[in-house]
Structure formats: C-alpha cells, structure tokens
Amino acid sequence: MTWIDPPAAAVRDVVARALAEDLGPLGDLTASLVPDGARVRAEFVARQDGVVAGRLCVLATFAAVDPEVAVEWRLSDGLEVRPGEVIGVVEGRLASVLTAERTALNLLGRLSGVATLTRAYVRAAQGNARIRDTRKTTPGLRALEKAAVRAGGGANHRGSLSDGILIKDNHLAGLTITEAVRRARRRWPGQLVEVECDTSLQVAEAVDAGADMVLLDNMTPLEVAAAAEVVGRRCPIEVSGGVTLDSVAAYAEAGAAFISVGALTHSAPVLDIGLDVVAG
Amino acid sequence: MTWIDPPAAAVRDVVARALAEDLGPLGDLTASLVPDGARVRAEFVARQDGVVAGRLCVLATFAAVDPEVAVEWRLSDGLEVRPGEVIGVVEGRLASVLTAERTALNLLGRLSGVATLTRAYVRAAQGNARIRDTRKTTPGLRALEKAAVRAGGGANHRGSLSDGILIKDNHLAGLTITEAVRRARRRWPGQLVEVECDTSLQVAEAVDAGADMVLLDNMTPLEVAAAAEVVGRRCPIEVSGGVTLDSVAAYAEAGAAFISVGALTHSAPVLDIGLDVVAG
Amino acid sequence: MTWIDPPAAAVRDVVARALAEDLGPLGDLTASLVPDGARVRAEFVARQDGVVAGRLCVLATFAAVDPEVAVEWRLSDGLEVRPGEVIGVVEGRLASVLTAERTALNLLGRLSGVATLTRAYVRAAQGNARIRDTRKTTPGLRALEKAAVRAGGGANHRGSLSDGILIKDNHLAGLTITEAVRRARRRWPGQLVEVECDTSLQVAEAVDAGADMVLLDNMTPLEVAAAAEVVGRRCPIEVSGGVTLDSVAAYAEAGAAFISVGALTHSAPVLDIGLDVVAG
Amino acid sequence: MTWIDPPAAAVRDVVARALAEDLGPLGDLTASLVPDGARVRAEFVARQDGVVAGRLCVLATFAAVDPEVAVEWRLSDGLEVRPGEVIGVVEGRLASVLTAERTALNLLGRLSGVATLTRAYVRAAQGNARIRDTRKTTPGLRALEKAAVRAGGGANHRGSLSDGILIKDNHLAGLTITEAVRRARRRWPGQLVEVECDTSLQVAEAVDAGADMVLLDNMTPLEVAAAAEVVGRRCPIEVSGGVTLDSVAAYAEAGAAFISVGALTHSAPVLDIGLDVVAG
Amino acid sequence: MTWIDPPAAAVRDVVARALAEDLGPLGDLTASLVPDGARVRAEFVARQDGVVAGRLCVLATFAAVDPEVAVEWRLSDGLEVRPGEVIGVVEGRLASVLTAERTALNLLGRLSGVATLTRAYVRAAQGNARIRDTRKTTPGLRALEKAAVRAGGGANHRGSLSDGILIKDNHLAGLTITEAVRRARRRWPGQLVEVECDTSLQVAEAVDAGADMVLLDNMTPLEVAAAAEVVGRRCPIEVSGGVTLDSVAAYAEAGAAFISVGALTHSAPVLDIGLDVVAG
Amino acid sequence: MTWIDPPAAAVRDVVARALAEDLGPLGDLTASLVPDGARVRAEFVARQDGVVAGRLCVLATFAAVDPEVAVEWRLSDGLEVRPGEVIGVVEGRLASVLTAERTALNLLGRLSGVATLTRAYVRAAQGNARIRDTRKTTPGLRALEKAAVRAGGGANHRGSLSDGILIKDNHLAGLTITEAVRRARRRWPGQLVEVECDTSLQVAEAVDAGADMVLLDNMTPLEVAAAAEVVGRRCPIEVSGGVTLDSVAAYAEAGAAFISVGALTHSAPVLDIGLDVVAG
C-alpha cells in the first residue's frame, strides 16, 4: 500500500457488494458450462492511452472469487499506459477468471477513467495550480474515486461533510460571511474554513473575516485575477465551476492555487481495458 | 411505483450508504452554522436538455435526512426536461436541505445522465431495434442504473450472471458452441441461451445448436446484415461492441433486434441539474 | 466448485449468520469446559439413505470457527449415501469441533434433505420430465436450497422475481393474457414469458399470444394431456400444484416437460446425519 | 406484542433479507405488467387444519413492500384454524400485494407448520410433559421458529450456546461428569447445568454432581422410567432422541418433565395457506 | 437537530446494535410476564449533578422498541442537571418501557458522563483554552461521544485519520519534521498539519516548517510557556498528555489554545440517571 | 481460545467497525507520509498495575490492517501486569503499525480496565462471594466486556434479556411476586428465575414462590444478613446497588453468594498501556 491507495476496507466492501450484485442467487450460469479442469492465462490490456488506477480492486475481486487465481500486476496505480500495453496478468481456473472478469474490469476501467481525466487536468494546469476533486462522487465509491484522483496526480478536497467547512451562498441565509466564519471558528476550532464567493466584495469580506481559503465559483479567469488582487497573500484561492481542459491553464495563471473539478468523478468516461486470453 | 422504478430496497440501501459516506462522524459541519429556525424553498432545475431519472432516490435522501422536508415532484422518471425547467421542489429546514443536497444531486444527475444517453440511442435507432444495457454498470448501483435505462426507453439485458446464459469466446476453450448450448439446456433448462459470435460460421453453428439469440460482437453493419441472412427468422439478433450514436441506425437497419451499449452505464456524463433557492 | 455449488458469498453469509445466532454473546459455554489441549477425530455418518448436499457449508462452518480444524470430504454433493456411510471426516481441537457441530449438521442435514427429496422426484419422473424447484424456499437460504435441488438432479426455476416472467391468474385482473404477454415482450424483451393456465381455453390464448412456456396449475394428468394437444410443439409445458411422488410419473407421461414441486424446499424432512467421534 | 411473539428486530431482518432475495435487481417483472391503478382485496385462507404463527412476519412484509397496503389480521398466533378459515385480509395496490405474496406465504406457512407440529406433540403428551424445541433450527430463522414453537404451546430450550450448559458425551473426553459439572459451576455460576446421559450409571453420577437437569438421550420409555427412579425428586428429567407422536405419551408418563423434539423445527412440513383474491 | 447533535444515522446504528445485543433470540423474557394491557408513566431522573447528552439515543431506543411509547424530553443536550431533576418522561406500554429501559439508560448515562467530565475541564480552563477530545473513543461510539463532548462545551479534534494530519514521534523514523510537513503539504494540500513536539527544538523546526499547529505532549506548564515563546503568534499551540482537572488551568494560562484530553472519552464515569415509575 | 475469550465473530465485528470509523474515506493521511520501506518493532507496555484483557482484539486489529505485521503476545488475558512490563510485541511495516495503533490500544486499554477493576472487586470479596457483571455494558461491546470480566476473575450475569428471568419492582405492576414466578415457570420452563427484593417480606414471598435466586437491591450489609436469615439454604442470594470496593467484603460476609457491580463495565477507567518503539 502507498499513500495513493484507498483504505483496504473500502476496497473489500465495494468488491463484495459488486460480486453479490453480479453473481445473483445461482452464480455464474455460463461459466458453469466450462470444463471443470480448464485453466487460463489472460492479460489486462489497455486499448487506449490513460492512467491506471484500481489495482487493489482487481486483486480483491479475484481473491474473493477464487484465492487460487494468481494475479501478477505490472503497472502501479498512477502510471501511464499505452494502447496494447499489458497492465497485469491472471492465471488460474477458467471458470473463476470468467466469473470475476466483469467486476474487475468495471472497477479498473472506471477508476482508471477517473485517473486519466485527472491527469489531463493536471497536465493542462502546467504545475501552476493543484487539481482537486469534489464531493460529486459516485455513491458508495467515494474512497476509491478519491484514491483514483490521487493516482492521476490530483489532490483530495473534503472527504465528507465532517471534514472541513465550506460556506456557500445558501448557508448565508440570514447570516453574514463574517458571522458565519466567526461561528465556524467557535464551534469547530481547528477545522479549515473556506468561503465560496461570487463577487469581489464577498472575497474581501471573507478574507477580512479570516477565511483559510476562498472558493471562487463560476468566475472568468479575469474575474479570478481581480479577486486575487483583493486576496493578496492572505490565503490561497480555489476556483470551481465549469472549468474545462481548455480553460484550466488560464485559471491557474490567474492566481488559483487549487482548481476543483466535479467532472473528474461525475463524468469521466471509462478507460477501455480488456482481458485477453493468452493461453487456454 | 411503476415498472420503470427500481426496487425500493435498492434505493434505500444506496441512499443510506451515500449519506453515511457523505456525513462522516461529525455530520455536516457547515450546515450546522445556519440559524436553527431557518427554512428554505428550493427547486431542482435542469440546466441542460435531458431525461429525468432518480425521483425515488431524491425522495429517499430527504426522507432519511429529515422526514419533515416536503418534496413535491413535478416530472416522472422518463420525461424530458428543458434547460430552466423545474423538476421538483423541496421545502423545509434550511440545514436539512443543505445536508441532503449533494447526495440527492449526485444520484439525480448520474441517473438522469444514464436516461438521457439511453434516450439518445433509442432515438437514433428509430424504432428499428431495442437499445439494451449491459453488465458494465457502476458497482453497487446496478438496480438503479438499470431502472434509469428503462426510464430512457431502453430495455434491460441480464440483471446478473444468474439470469440467462451468454456464451462468449472465452467460454469456448475446449468446448464447441454446439456442446456449450447442449450443456446449457441440460443444466439450466428454461434459461435463455445467447451465443456471442464473431463470424458467420459461428452464427450458423449457434443457430443450428438452437440458441435463443445470437450476439454479434464488434461487427460492421455490413457483417451484421450478412449474419442476419444466415440467421433468417430462427432467432433474434443482438449487436454489441463499439456502437455509437452515429452508427446505431445502420446497425438497427442491418437486422439487429437488440443493440446493447456499455456506454449507457459506464460512460454517461452526468446531467447538469442544480438546486436553486427560491425563498429563504 | 462445480456448477452444482452455490455462490461462495451466499455460503459465507449464511454460515456467519448461523454461527452468530448459535454462539450468542458468551460463546459456547459447554465447549469451554473441555480440557484445553483435547483433540478429536470425528466422522459425518449418514443414518439414512439419501443424497448429500451442503459440503461447502460444512467447510465454511469449521473454517469460521477454527481454521485449524482439518476437514476431509469423501462424497461430493449429488452423490448417494447409504446408512452408516462416512461422508466426511474432521480432525482438530475438541472444543472447536463441538462448537461448530450443530451449525454444520443443521445445514448439511437440511440441504441433503432437499437433495434427497429432489432425487426421489427425479427418479419417479423416469426421465420423461425435468423436476424444478419454486420460489417456495426458506427465507435467506434460497441460493443454498436451489443448489441442493441441482445436487438432487433437479433444475432451477426462477432465481427471483427479476428473472423471468410468470403470469398468474391474479396478474390478469383487467388484463387479457394476450395483452399481458404483449406488455411483457415490450417492457422486458429477452425475458422468458411463462403463463399459468387453469383451462384449455387459457392454454390456447397463451400459446397464440406467443408464450415461451405454459404452466398448468392443479390439473389432473388427463387434463394435462388434453392441454398438451392444444399446445402441440409450440412451446414446452410445465406442470405444478399438488404433484406427489405417486403422481409425478403420470404427469411426465402426459406431456409435461417440466414439473415444479414446492415441497422440494418447503417440506423436505432433514436427512439424518450424525457426527461420530472416532478418536478422542 | 405478546410473550409468544419474536423480537421485532428479528422479524424485520428476516423479512428484509427475504424480500431482497426474492426481488432481485430489477424487481417484480410480472407485477409490473399489472395496470397502475389496479387494487385488490385478498384473504389468507387455510387449506388444512393447523395452528397459525407468523402474523408479525406478514405485517412486516407488506409494510416493507408498500406501507399503504392495509392488513387486517383475524387470528392471533397460537390459534387453531380449519380448512377454509380466513386468517387475515389484505387490501391495496394489486402489484404490491402480488410482489409481497410469496414472501409472506413462505414465512406464514413455514412458521405455522412449526406451530402445528408442536401442537400435535403437546396434545399427544397430554399435559404430562412440556414439549421443547432444540437448536436444530433453520439457520437465520431461530428467533422466529422458537416463537412458533411457543405459539404451538411448546417451550423453548436454549436460545444459543451462550444460554445454559448442556454436557454431552463428546464433552466428556478426559473429563468425568462430576468434574464437568464442578467446572461449569465455577466458571459459569448462575447458569443452568444439564447433563446428557445414556445409562443409569451416568444419571446417578450427574444427579450426585448436582446437575440441574438430566437429559436422557435415545432411551426407551422403560429405560426412562428406570432412570426416573434413580433421579427421584432431585431434578427434572428431559428426554430426547427419536421421540415420535406415537411414543411421546409413553415418555411423558415414564417421568419426563420435558421432551425435546428436533423435528419441530427441522422437519415440520409447511402448513398449506393460500392468498385468495376476493375483489379485484 | 442542532450542531451539537450526532448524525442521525450514527444514532440509529448504535441503537439497533445495542437492542439486538440486549434482546437476544427470545426477546425480553421478564417483560413478557407483565399483564398485556399494563401501561406506565416514568421519568428519567438525575441522581447526580451533571450535563445531559444522548437525547436522540433515548428517543431512537423507544422508537425502535415501540413507536407508540411517547417520550417528552425536558432538557436539551448540553444543559446542566441537578440531583432529582427530571430530564424526560416516557409513557406507554409497561412491557415496552421495561424492554427499552436498560439500553436507553446505558446510552444516556455514558454520554452524559462524557459531557459532564468535559464541562468540568471546560470550567477549569476558565475560558483560556478550548478543551478537545481525542481519538481515544469507544469503538463504535465515536460519533456519539464526539457529540457529547460538544454538549459538554468541548470541541472536536480529528474525526478520523482521514481528517487532518498529526505528525508524531513515531512518524519521524527516517524523516525530519521539515520533510514530513513538506510531504504533507504536497500530498494532502488543504489539510491542516499539526506536529507533536517533545522539545523546544522540535517546536522551532515545526513552526519554521510551516505547521498549522503544534502539539506539546507531556510537557509541564513551564515547558509549555517556554515553547509558547518559541512559537509566538505563528500558530496555535495544543497541549496533551496527563492534563488533569487540577493542572488544566495552568496549561491554559501557559499559552495553550487547545488542550486535548483522552480521559473525556476513555475514562469518564457514567452519570447516574434512573428511570422512576410515577404511575402504573 | 480459552473459556475466557470472547466469541471470535464478536471480536471481528468490533474491530472492523472500529477501523472503519477510525480510517475514514481517505485512510491514515499521516501514516502515508512515512517512507515506504520503513519497518518498526514496538512493544505494548503497561504504565500501571493491572490485569490484561483484549489480546484477541489486538491480534484482529493488526491482522485486518496488515496481515504481515507479526504480533507476539506475552501475557494471556487474565494475567497481572506491572508498570513497565511488556505485554506483547509487534513487528512490521511502520505505516501499518501506526495505522492500527490507536484502535488496538483503545480496545486493549478499555478491556484491561474492565478486567483490572473486576480483579479489585474479586480481591476485596476475599473469596466469600462471586463478583458478577450486569447488563450495564457499552453498546456494541457486550461480548468483549463480559469476556474481560471473566479475565478479571468475575462471572457473567445474563448475556441478554433472552437469557434468564430477573423480576424487578417495575415488573410487579398489578402482579404479585408469586404470580410472576408462576407465570415465568409456565412460560419459560428451564430458565433460571431471580427476583429483585427491597424488603424481607418480598424476600420471603420470592423464596416461597420458588425463585432460584433473590437479588437484594440497595440494602445495607446488615439488611442483607437479615434477609439471608429469611432465605436460609433455599436459594443463593445476590446483592447489587452501590457496592463499592470498600463495602464489598461486608456484603460478601453478610451472606451474598453473588455481588453484581455495574461499575465494572460502565465506569472502569482505561488501563494505561502504551506502544513503545524499540527499533525503527
């Protein structure tokens, strides 16, 4: 395990749920047709350029289906892969490999898709800002998707609503930014307080109130630059809202220390990876 | 509940897991700052054209967070929505609405994304073939995503590996198609047997062996048409593998009764839906 | 694992629940009295003629209680056993064996009972019809009982309500058979549609509507034969309702391809199997 | 709730598991065909003489599927029912009633079967001995089956291995009865200690050692009577092992205070109960 | 719900587990003896001075056992109570109240004990420092105990290991403080970084490295004051390790902004609260 | 495993819950900073006199975090430990040891605290009475805490409300002791019946009614002695309510066979145990 990996329990839970869902009450009817002694050697092969993530999920899937399937993994999470490149190799009972195949690929493809999109944003930001995820993750997969974002070179924003304070417009019904920050400090001392701002006026108030970070939502790079003037060195700036691969460089140059992108987890297309039999 | 809706238990489980994941050990720190008596009325508003799915998830999310939040839903799952159109309205304690917001939107956006992409394929097929999903679903969300496919006008393929037999290349290690079908009939009588074929020769063998359906994988529309000749009226044809919105019509015209599309569930972008406050 | 075995996860879940239920908060008070170093070798011995099923449950039970107990299994699931015949042997810490004994026997005896009764029906049908189970299974044990039916030589009917369509009388409130079948085809294409019929008229309508199978409920063998005339070769016939070991042959000869028997799972008496100590 | 009822949490857990198992990932395909507005009134009707048990399970099943289905129950658990007698009435959405039907009947039939067989033994014992269950219950259903035994007029033996001490032959490897009882008293003071005996010699030792009860296993009524002489009034006697409806009276007269019967839970045939539609 | 309350799901889970544990397979044998119609009105009464916490747990316990028991709560969590003072009143079926009593009192007493000890530390700190909890919570009860600390006037430290970085001695094997902080910033940007220090030299290095907070472990108030000189206004200081009610004021005066006390959750004695019947 | 140990499943469940709670969605941020290859050898060292309990929890925690961490345990549960004494040694990856440390210590310290306090009461009772626990255990930890009481030399009272009958004041609304005992015997034959008494009159009634044990609540030693006169040798006496280390000897001498002490589990302070690194 490295710092990039998700907690082992999260992997185990997701894999158990996925297999239960996929096997159903009777098990894999089709794999049951295969001759009892048949064995196979097969390779996970990328069919596109991308970044690999999900190694632990693949290992856990085969381990749950049949501990005697051997899995030899070639590329750590976070490494880039070219079309045709072998990511890992499995060898064991044919029926077991076929039963585990879809669950393993669903997880590997999805998480590699998140890592790949993250890497694209990280590249586009040219080192001028850190790319972060959001809470717009797939229900039940947050721990895994946040790990995939790290594999892609991104950083994690809040793990949950318990972890840090992010004051948005809607929290300010009948409450000034100043009062909200003050209340946050008093009730939750030691938690980082970030304030979402739509205008320079709000930015000024937030920074004066002592926010640890301001989040500029749905601003143009120019507006971000103007806000950055207001902030100065008093706290880092985060940008979010409609940032695309095309616009991310401009935002990074405008002074954002962090750029958070919901699409990393809510709209990343799957990375196309197949499991090719190399020997029956 | 209608036939489009997912089983209630699946909704409850996913929502409970999503909320546990999002609330963490301390709960919503930021929502806790809001004045105790503050109430809100807010609308789920589409920001794009699309098809709505996930109504039951939204209801279950608010019910789990605070049963006193009233949710009035305007558009049934399966209906189309225009930018700016109101999908539903919630009214209740501000803190509760803010706490539930992200989980509700994550589910609604993701499932509506699946329904929207499905509808696009259904339209493109011009009624000449049924669009079906695959087992390439998100781990833990299969029941919900399959319901979203129905909302989009698609049909469901196998619910799990227990449900029908689909013989692929890799199952045929040391086994002819004929023998595999025979074995399937003997062991699992009353289960539908579908055979994936890459060549016309395989198609002929599968149909002669009495397959209930053949699945033509990664063929061109022309190859599908040729295979359709071989099959005649003996069983329906399904097509899969790299079918796009551009090519789906050609496949449907070539004689496919079913076209199954993994992208419906593994790569549908989220439908952009927001929760707009209308009254504090 | 063979095609007869239940999914491994189902076995693990049932065994975990059974042990939790049986051990209670303090564990096995009585086994705790046994000398710490005491070991035992004991045999699972049949006390009746029957068919064995539940091997995986026994293995999982001992593995959960004490991974150091060695279990050597003699008879695969599906094999017949005579009174006095040894089915398997366990060897290990006496306290562990005693703690696991009841749970292992409860599962082995119950599942072997299901397999044994199934085998009796299969024999009585003399190869003229396949014996199938129903959804009248024990809550929580469906996957295991359906596997035991396969061990007995029977076939599985629907795994769940998601798996195939079976239109019964009560579904036809304000709906003709023809319309019901049409609706089933449209909504759930690719699912097998079976129609339960009480009269020849219904049989004719069902077959004309294109049902994949008709289920004749509570008919006499003579009525079944008459219905078989109506059906001809258009689809297979299933019979259910009050079929006994005495009448099953007559039904099979009357033209039923399948005979489904609720008693296989709801009323099979346990097969009497004991665990005999052979060496302290 | 009365003292006969199982704990509410056990009912809820079993029902949730049973419904998840029966609904599968897509829900009830067949019930989805029924017209949306269709409603039904239906009666649970006994088709045999028997004793009802499982009322709470039926209520919980309908509540879980559709809280708007009204259930009016006529016969409390423990009451006797005649063929044709109405046990309860449900009224609500047709699709909901059909979806819940099988799960409700599986539980009601099985538990009533246990209660019915228990009542037969209780009757046969003519008040001379109490009939008790054993730990030979269905995995996952112990709490419900033990409640059904109470409904039948029987009494519960140990709830789990944590609850009381029952020293059997196999516990006595390298340990005398006297030492086992002494150890039980020291380690688990306040727990009832029962000793299984095969011979009068063992009975004498057990009673002298201060056992709270002796369990005479696989003895004839005559042997029981002889053992009862040995015991005198020093402690109650329990009998087990192969007691049938025919022999139970003889055992009760021979001096058994308790007769425990594994068949109550491991081999009770289901009580035949149907759900008859009375109005569409 | 207020900001002091634990997340509702945490309350529900703990209560469900506690009741399952306490009811066992047969339910409350003793409460089953009570006459069926008997009702009761009873009061939760403090027998000591203290601070109340756990209201939601009490409500959830009675709701789970019998939704018809009415609970009227008098004192919000966080309020102080005197011996003899009534905290809440329940009214309903006697058997239900008796069954729920122990679970409700176990939770209420334990959580109020945490709140009471917290309040004592808060008082003793005389407003010069905030009292915080630690991760030394009871397994399975963290969310509830952290809420009880808030009720007592304390603040929460990290909710989990995912939430903030706290570099201790043992993390510094082969790693300087400077490098550890740098690595933390790079890998987990936006997370608060706190460094545990045993010496002034470490304090200086930590602050120079840009730590957000320093944790002075097992220092005397004098050593804390010296360290505070080193830190100046560069970051807040936390103190932990053996702080008692007697010494907390000295630490607070020495310059600690936060004082974290493991005993709040690992060694708080239960607050003595009884449930007194006022009317049968 | 010995008779002192808790059931393995209870250990596994608590440890899994504790780790999930402590790791959160991102895992141990701080341990992730440690160099990948770093290893450690560390010792569990007592910092106080006490009795060890919780060995299985420590083993299970490390096994769950990293099966390659080797744990060598020096002191069985139930043994006494002196300040500075080594209880066990772990060796393995530094990051794994740090991640598991807090959970392992939380369980070990808490359970050893229970064992230590129990031993103190056992000593104080000077062998004249057995010390027992109560149902005042920590929600979710009952099985572990009851095992810790055994480790301390105490005995277990009821495992749950299913396990034995204990009639208290509040059960006697509209029911005499005589009738309550009679009802208990009839409904729950074979269960031990204990009656809580506040006066000698009640004691006399309970014993005359045939109670198996009387529980004298909140009496002085003198009152206990008087009650013991009433009881004679007819049944054992248990004492509870406000018994302290100072008064326990007097109660034991006054004739109590059992003394049950809620504080053993509801108010035992943690035993101070640390994990000291001996080699990096």
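In this document, chain identifiers A, B, C, D, E and F correspond to the written order of the chains, with residue numbering beginning at 1 in each.
In this section, contacts are C-beta pairs under 8 Å (C-beta built on N, C-alpha and C of every residue); 3 or more make two chains touch, one makes a residue touch a chain.
Small disclaimer: the values here were computed from a predicted structure and weren't measured.
Listed by label, the chains touching subunit A and subunit D alike are B, C, E, F. Look at the CA centroids: the one farthest from the centroid of subunit C belongs to E.
Centroids of subunit A and subunit F (each the mean of its C-alpha atoms) stand 44 Å apart.
Here the spacing of subunit C and subunit E, counted between their Cα centres, is 51 Å.
Note on chain placement: the centre of subunit A and the centre of subunit B lie 22 Å apart, centres being C-alpha means. The set of subunit C residues touching two or more other chains comprises 3, 21, 23-27, 32-33, 142-143, 156, 159-160, 162-164, 187-188, 191. Viewed as a network of touching protein chains, the structure reduces to a complete graph with every chain in contact with every other. Of all residues in subunit A, only 1-3, 5-10, 142-143, 146-147, 156, 159-160, 163 touch subunit F in the complex they form. By the touch criterion given at the top, residues 14-15, 17-18, 21-35, 38, 40, 42, 94, 98-99, 101-103, 105-107, 109-110, 113, 135-143, 159-171, 173-175, 180, 183-184, 187-188, 191, 262-263, 266-267, 269-270, 277, 280 of subunit D touch subunit C in their complex.
If you check the complex, the residues on subunit C that touch subunit F are 16, 19-20, 23-27, 32-33, 36, 64-66, 95-96. Subunit F contributes residues 3, 130, 132, 150, 155-157, 159, 162-164, 187-192, 213, 257-258 to its touches with subunit D in the complex.
Residue ranges on subunit E touching subunit C, taken from their complex, read 21, 24-25.
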